[in-house]
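What follows are several structures.
Below are two complexes that have chain A in common, paired first with chain B and then with chain C.
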Partner chain A sequence: MKITVNGREVEVDPSKPLIAACHDNEVDVPNYCYHPGLTPVGSCRICQVEVQEGERPPRVVAACRTPVSEGMIVDTNSEAAHETRRECLEFLLKDHPLDCPICDKAGECTLQDYTYAEGQSSGQSSEPRQNFEKRKSLGDKIVLDQERCILCSRCVRFFEEVTEKPQLTVAGLGSRSRIETFGDRDLTGNYQGNITDLCPVGALTLKNFRFKARVWNLVKKGSTCGECSRGCSVSVEVLRQGEVKRIRPRYNEQVNRWWICDTGRFSSDRANPEGRVPALLRGYSGLEACEVEDALDSVTSAYRAHDGHLLVVSPWVTVEEGEALLELAASLKTEPIFLSPTPSELKDDLLHTGDPCPNRRGLMDLGFIPKSPEEVRELLSTAETATLFGERIVELIGPEPLDELPTSLRLFLFDVSGIDAPAIAVHCGIASWVERGGTWVNIDGHVGRIQATRPAPAGVRQPLSLIEGLLAAQEAVQ
Partner chain B sequence: MVIVKRKELTLAERLYIPEVLRGLRITLGKMFQPKSTRQYPEEPIPSTEVTRGQPRLAENEDGTLRCVSCGMCEIACPAYAITIDGHEIDRPIEREPERFEIDFLRCILCGFCEEACPKEAIWMSDELELADTTRKGLIYGIEKLKRPASALQKRIDYVKRINDRWRTFSST
Partner chain C sequence: MIPAGELYLLKRSELRESHTLKVARKDGAYSALESILEEKRDPAEVTLVVKNSGLRGRGGAGFPTGLKWTFMPDPEKDTRRRYLAVNADESEPGTCKDRVLMRDDPHCLIEGCLIAAYAMRLEAVYIYVRGEYRLPYDRLQAAIDEARAANLIGDNILGKGFSCEIHMHKGAGAYICGEETGLMESLEGKRGHPRPKPPFPAGFGLWGQPTTVNNVESIFNVPFIINRGADWFRSMGTEASPGNFLCGISGHVRRPGVYEVPLGINAKTILDEYAGGVWKGRSLKAWIPGGSSTGLLPAELIDTPMDHDSIKGTGSMFGTGAMIILDETACTVRASKVIARFYDHESCGQCSQCREGTQWLSEIFSRIEDGHGTMQDIDNLERLSRNMAPGKTICALADAAAIPTLAVIKHFREELEAHVKQGCCPIKTRQESEVLA
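Up next, the complex of A and B:
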C-alpha cells in the first residue's frame, strides 16, 4: 500500500497503524501512549497529524488509532497538527510537577523533548496543581510518582498484554485518575522492570537506580544479557568508566523484542564485584598477590610435572575464547568440558529459559561436552591438575564443594572473583562480561555480541590473552 | 659595527657628592608620599559583587543544601571540575548531593555553573585564595563548599538584577 507522508510517497504495511508507517519511514511523530509492542489506545492525543483522504477536506487525527488507507496524504508538520499538539501538551503539563532537576527521567523524557520541540511550556489554567502521592512504593523494585504520571497507560497494558497477568489499573475518575495496583498490593513477577522503560515520563522509577546518576552521564553500549540461554539484547550503562548503573533492553525482533526479565535487568548489581585481583599464587601464608606472568609460569610448569589434566570451562566463555580453550584442551590431551548446571525454577513462557548458560549453543557447536556440577566434582576428585576457566565458574559449581577438595589436587582458577579454597594453587582474575568483547550463541542459534563497556581493573587481563599465554608456554615445551 | 661613545662627565658629576645628594632627595621625597604597595594577605583585596571567585554552595536557613544534584553545572563546566553523585532523602525535595566535588586545580572560575543552576544553589563567591600542600586538598567537598545564603547575598542580588535587566531587554 502506498501513502504520502510529508510530500514523500512511501510503501507501508497495511496491518500497522499510521504512526508506525510514519516511524518506519523515519518521520518523527510524537507519542506517549503508543508503543509498537502494545495495542494503541489513543489516550494521550499527542500523535495527532493532518490527514487528507480522497476528496474530503484535511482533518487532524490521532495517528496511533488511524489505519492506513490507499492514497492517504499525511502532513505531520502542518500548522493545525502543531496547534493540536500544543493544546494537548498544555493539558498534559497542567498537573505535571516540572521537577526535571530532580527527576531521573530528565534527559530521556519524551514529555521534556516534545515540550521543547513545540515550545509550549506555559498554560492558561489558573487552577492550582493537583497533588498526588509522590513516593508510592510498588513492591521492592519500583516506585510510582503519581504526580508525574500522564496516564498513558502503557504500564497497565504491559501487564495485560505481555505478561498477561494484569496488576495495574487506572483508578479514579476524570481529573482524579491515577495509576494504582489492584487492592494496593505489591507488584509481582519477573518482568516488572519493563514498565519503567515504557513509562514516557519519570512516574515509574527503579528503586536501585533512583537518583543514582544523570542519564546523560551514562556511557551506553550494546551487549547481550548472560543470565540465561535466551541471550537478550541489552544496553549496559556505565557511570564514569566505573560502576554499571543499569541494564536495559535493546530492541531485537528475533530474541527479546523490547523486553527483558528482572533477573537480567538487576544483574547490574552483580556486575560490579569487589576485590578484583590480577593474580594470586599459593605461598607459605596462603594466596599471595603476584604478577600474572608468574602465575601463568606456575600453571604451565604444573602442566609439565603432572599427568591427568582436567579442563572445565564456564558457560559464560565466548565462542572466541572457546576456540582457544579447545587448543589448550588438545595440548593437555584432555576432553573439553563445559559446566552445564541444571535449569533453575526461574523458567517462564516469555523470555527466561531457566538455563544459566548464555553460550550453551556456541560451546556445544564447538565440541565442548556438557557436564553437570556433580559430574565435574567427581572428575575433580580423580584429576591431578584441574583448570577451571571462565566467569562465574566458582558460583556455578558451588564454593563449598571446591572448599572440600584435597590439597593434593592442583587447582587453577580463572574467574572474575575467586574464593580461598585450600586446593587452589593459582587464581587469575579475568575481565567480566562488561569488560570484554566476544560472541555468545543463544539457545535458538541467534548470535549475540558482548561489548566492553568499561576497562577492566588495573592489571586484570582479558581471558583470551591468558589462554594465549598458556598456549604459548605449552608450545614452547613441545 | 656600532661605536658607543661614552658621555663625558661634568665636573659636578665627577665630584660625586652632589649626585649622591640628588639621589637622596628622591628617596626622602618618596618616603613621605602615600604608599602604593598593598600589605597582602594582612590587607585583603577589596571585592565587588562582580568578583567571580570560587563557586560555593548556598544553604537554606535551616542548614539544608539548595542543591538537588541535577547535574546541570557538572555538564556545563568546560573544565570538567565538578563531580556530583546524588542520593534519595526524606524531605519533600527528594534528592540531595551525596558527593559534590569541585576540583579547584581544574576550575577556571568561569561562572558557567552559576548560570546553569536551575535551583539558585551555586554562586561565585568573593573567595579567591587557594593554597594547599597536596592536590587532594584542593578538591573541595560539600563541607568545604557550603555557605549560608546570607554570605553570598551580595552576589545573588547582583546576578538576579542583571538577569532581570536582560529579560526586560530581550522581551522587547
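Up next, the complex of A and C:
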C-alpha cells in the first residue's frame, strides 16, 4: 500500500497503524502510550498528525489508532498537528513536577524532548501540583515516582502482554489515577527492568541507576549480552570510559526485540570487577605481579618441559579467539574443550535459555567439545599442565575445586579476575566482554557482535594477543 | 397549556402493580412480540419499520435507532455471535427517565429487547443497570424471571422457534460506564475505559463480536412502533424528531419530575404547565436542556421547542432531555463549578486532555467562585475547553466537560467577570446581606 508522508510517497504495511508507517519511513511522530511492542491504546493523544483521505477535508488524528488507507496524505508537521500536540503537552505538564535537574531520565525523556521541540516554555497553571508518592519502592529493583508519571500505561501493558503475568494497574479514576501494583505487592520476575526502558518519563527508575550518572555523559556501544546462550542485543553504557553504569536492550527483530531479562540487565553490576592485573607469576612468596611477556614465557617453557596438556576454554570466548585457540590446542596435541556448565533454573519461555554459554553454538561449530565442570575436574586430576582460558572460567568451574588441585599440576589461568589457588602457576588478566571486540553465535545461529565500550585497564591484554603470543612461542620451538 | 397529544410511554405505569407480568399482559404487553412471532415477520422488515418511524436514540446523541440496527453485519456472511447491550447506566446529572421505565413498566422494556433481538437476529441481550438503581434493578430482574417462567425469554419463545436470553448486569457507580464502549469493557469484567473508535461496536463490540448498544427509552419505544406502525409514531413530535420523550425536569421548579411530552414541545410549556413554573415565585435565570453535559442557556431562550434540531440551534444540545432549571438566586459560576467537579470526578483518566483538563476546569471554577480568580482564568477556561474538545479524545467525556464551560462563558461572562472584579461571589454576598438586613 502506498501513502504520502510529508510529501514523500512511501510503501507501508497495511496491518500496522499510521504511526508505525511514519516511524518505518524515518518520520518522527511523538508518542508516549504507543510502543511498537505493545497494543496501541490511543490514550496520550500526543501522536497527532494531519491526514487527508480522498476528497474529505484534512483532519487531525491520533496516528497510533488510525489505520493507513491507500493514497492517504499525511502531514506530520502541519500547523494544526503542532497546535494539537502543544495543547496536549500543556495538559501533560500540568501536574508534572518538572524536576528534570534531579531526574535520572533527563536527557532521554521524551516529555522533555517534545516539550522543547514544540517550544512550549511557559505554563498557565497556577494551581498547586497534585501530590502523589514520590519514591514508591516496587521491590528490590525499581522505584516509582507517581508524580512524574504521565499514565501512558506502557508498563501495565508490558506485564499483561509480554510476560503475560499482570502485576501493575492504573488505580483510581481521572486525575486521581496512578500506577500501582496489585495489592501493593513487590514486583516479581526476571523482566521487571524493561518497564524502566518503556517509561517515557522518569516515573520508573532502576534502583541501581538512580543518581548514578547523567545519561548524556554515558558512552553507549551496541554489544551482545553474555548471560545466556540467547545473546540478546544490548547497549553497554559506560560513564566517561570508567564503570559500566547500565546495560539496556537494543532492538533486534530476530533475537530479543525490545526486551532483555534482569539477569542480563544487572550484569552491569558485575562488569566492573576490582583488582584487575596484567599478569601474576608464582614466586617464593605466592603470586607476584610480573610482565605479561614473562608470564607467557613461563607458560610456554612449561609446555615444552611437560607432556599431557589440557586446554579448557570458557564459553565466553569469541569465535575469533576460538579459532586461535584451536591452533593452540593442535600445537599442544590436546582436544579442544570448552566448559559447558549445566543449565540454570533461570530458564523461561521468553528469552533466558538458562544456559550460561553465550558462544556455545560458535564453539561447537568450530569443533570444540563441551565438557561439564565435573568432567573438567576429572581431566584436571590426570593432566600435567592445564590452561584455563577465557572470561568467567574460574566462576563457571567453581573456585573451590580449583583450590583443591595439587601443586604438582601446573595451572595457567587466563581470566578477567583470578583466585589465589595453590596450583595456579601463572595468571594472566584479559580484557572483559566490554573491553574487547568479536562475535558470539547464539543458540539459534544468530551472530551477535560484542564491542569494546571502554579500554581495558593499563597493561591488561586482549585475549587474542595473548593467544598469539603463546602460538608464536610454540611455532618458534617447532 | 398542556397539549392534547396521546401518552403511551407512561400509560401503563398508571395501573396498580404495573410492573407485574399479569397486569402488564392484560394491558397488552408482549402483543407486539406475539404478532411478530405469529406472522413470522422478516427481521429486516421489522428493522425497516423502526427505521421508518424516525425514532432517534434517547441516550443523548439522538442517533436514529433503526439506522443503527442496520449497521449490524449480515448473519449469513458474518457468523459470529451478536449482542444487544441496553444502556441503563443512567448517570447524566438531571436524568432519571429510565429509572421510571424500569421501575414501573419493566415488561415493556423486555418486550422491546426481544423485538430488537429478533430484528437484529441475535440471541443474547445484556442490560447494564446503574448500580444505584436498586428498585428498578430488582423490578426488572423480577420481571425477567416472570417472563422466563412464562416462556417469553429463553429457548423457543412461545413455541415459535425464536430464542433469546436476557442478562442483567449491575454497574458499580462509574459515569463513564454509560459511554457505550466503556459499558462494553465493564460488561467484559474490565475497567470501564472507553475504547477508541474505530472499530465501531457493530463490527467489534462485546468480546469482539458485533454489538448494538441502545438506550432504555429507545428500546422502550419499539413495541409501540411495531404495534401501531411508523406512521402513528410520526404523527407525534416533529418531522426530524418524531414521538414522545420523557422529560425529567429538576432544579428550582414547583413540581420536579418525569413527564411524557411530545418532541418539539416548547420548553417554556414544560416548565410552566408540567413543572408548575419556577418555584417560590421567582423568575428564571438559566436552564440546561438535556443533562449537565449540554450547555447552560439563558432565560431568554426558554421559548424554544424541545427537539434535537431546535435545541442545537441555540448552541446547546438536546441530550437526554433532562431539563435543569436555575432561578434568579442561583449563581451560574457555582453551578458550573459543581458540573466541572462532577466531570473531574468521573473522567476515566485515559486521555491526557480529559484527565488533566477536567481537573483544571474544576480548579479554575472553584477559584473564581471563591473570589480568587483573575480575568486570565476566564480566558484560560475558554482556551482549555477548546483544547479538550471536540473529537480530541477517545470518548466524549471531555466534550461533556468543555461544552457547559463554553456555554457559561458565552452566556454569563459578566457574572464570571463580576466574581473576579468583586473578589467574591456577588450572588452569595447579596443573599447574605439580605439575610442580615
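A few points about this structure:
The rule we apply is simple: the second predicted complex is superposed on the first by the 477 of 478 C-alpha atoms of A that agree within 3 Å, B and C clash if a C-alpha of one lies under 4 Å from a C-alpha of the other, contacts with A are read in each partner's own complex, and residues count from 1 in each chain.
Here is the rule we use: a contact is a pair of C-beta atoms (placed from the backbone, for glycine too) under 8 Å apart; a residue touches a chain by one contact, two chains touch by 3 or more.
Please read all numbers here as calculations on a predicted model, not as lab measurements.
Which of chain B and chain C touches more residues of chain A is settled by the count: it is C.
Of the two partner chains placed by superposition, A:Thr407 touches none, neither chain B nor chain C. In the superposition on chain A, A:Asn77 makes contact with neither chain B nor chain C. Using the contact criterion defined above for the overlaid structures, shared-chain residue A:Ser381 touches neither chain B nor chain C, since it reaches no partner.
When the two structures are aligned on the shared chain, A:Leu92 is found in touch with chain C, with no touch to chain B. When both complexes are aligned on chain A by C-alpha atoms, no chain A residue touches chain B in the first and chain C in the second. Touching chain A in their complex are the following residues of chain C: 174, 176, 191, 196, 198, 344-360, 363-364, 367, 376, 380, 383, 387-388, 392-394. Only residues 41-46, 62, 65, 67, 84, 87-88, 90-92, 94-95, 124-125, 127, 130, 150-151, 170, 172-177 of chain A touch chain C when the two sit together in their complex. On the side of chain A, the complex with chain B involves touching residues 100-102, 106, 134-135, 210-214, 216-217, 240.
Contacts from chain B toward chain A in the complex involve residues 68-72, 74-75, 83, 85-88, 92-95, 118-119.
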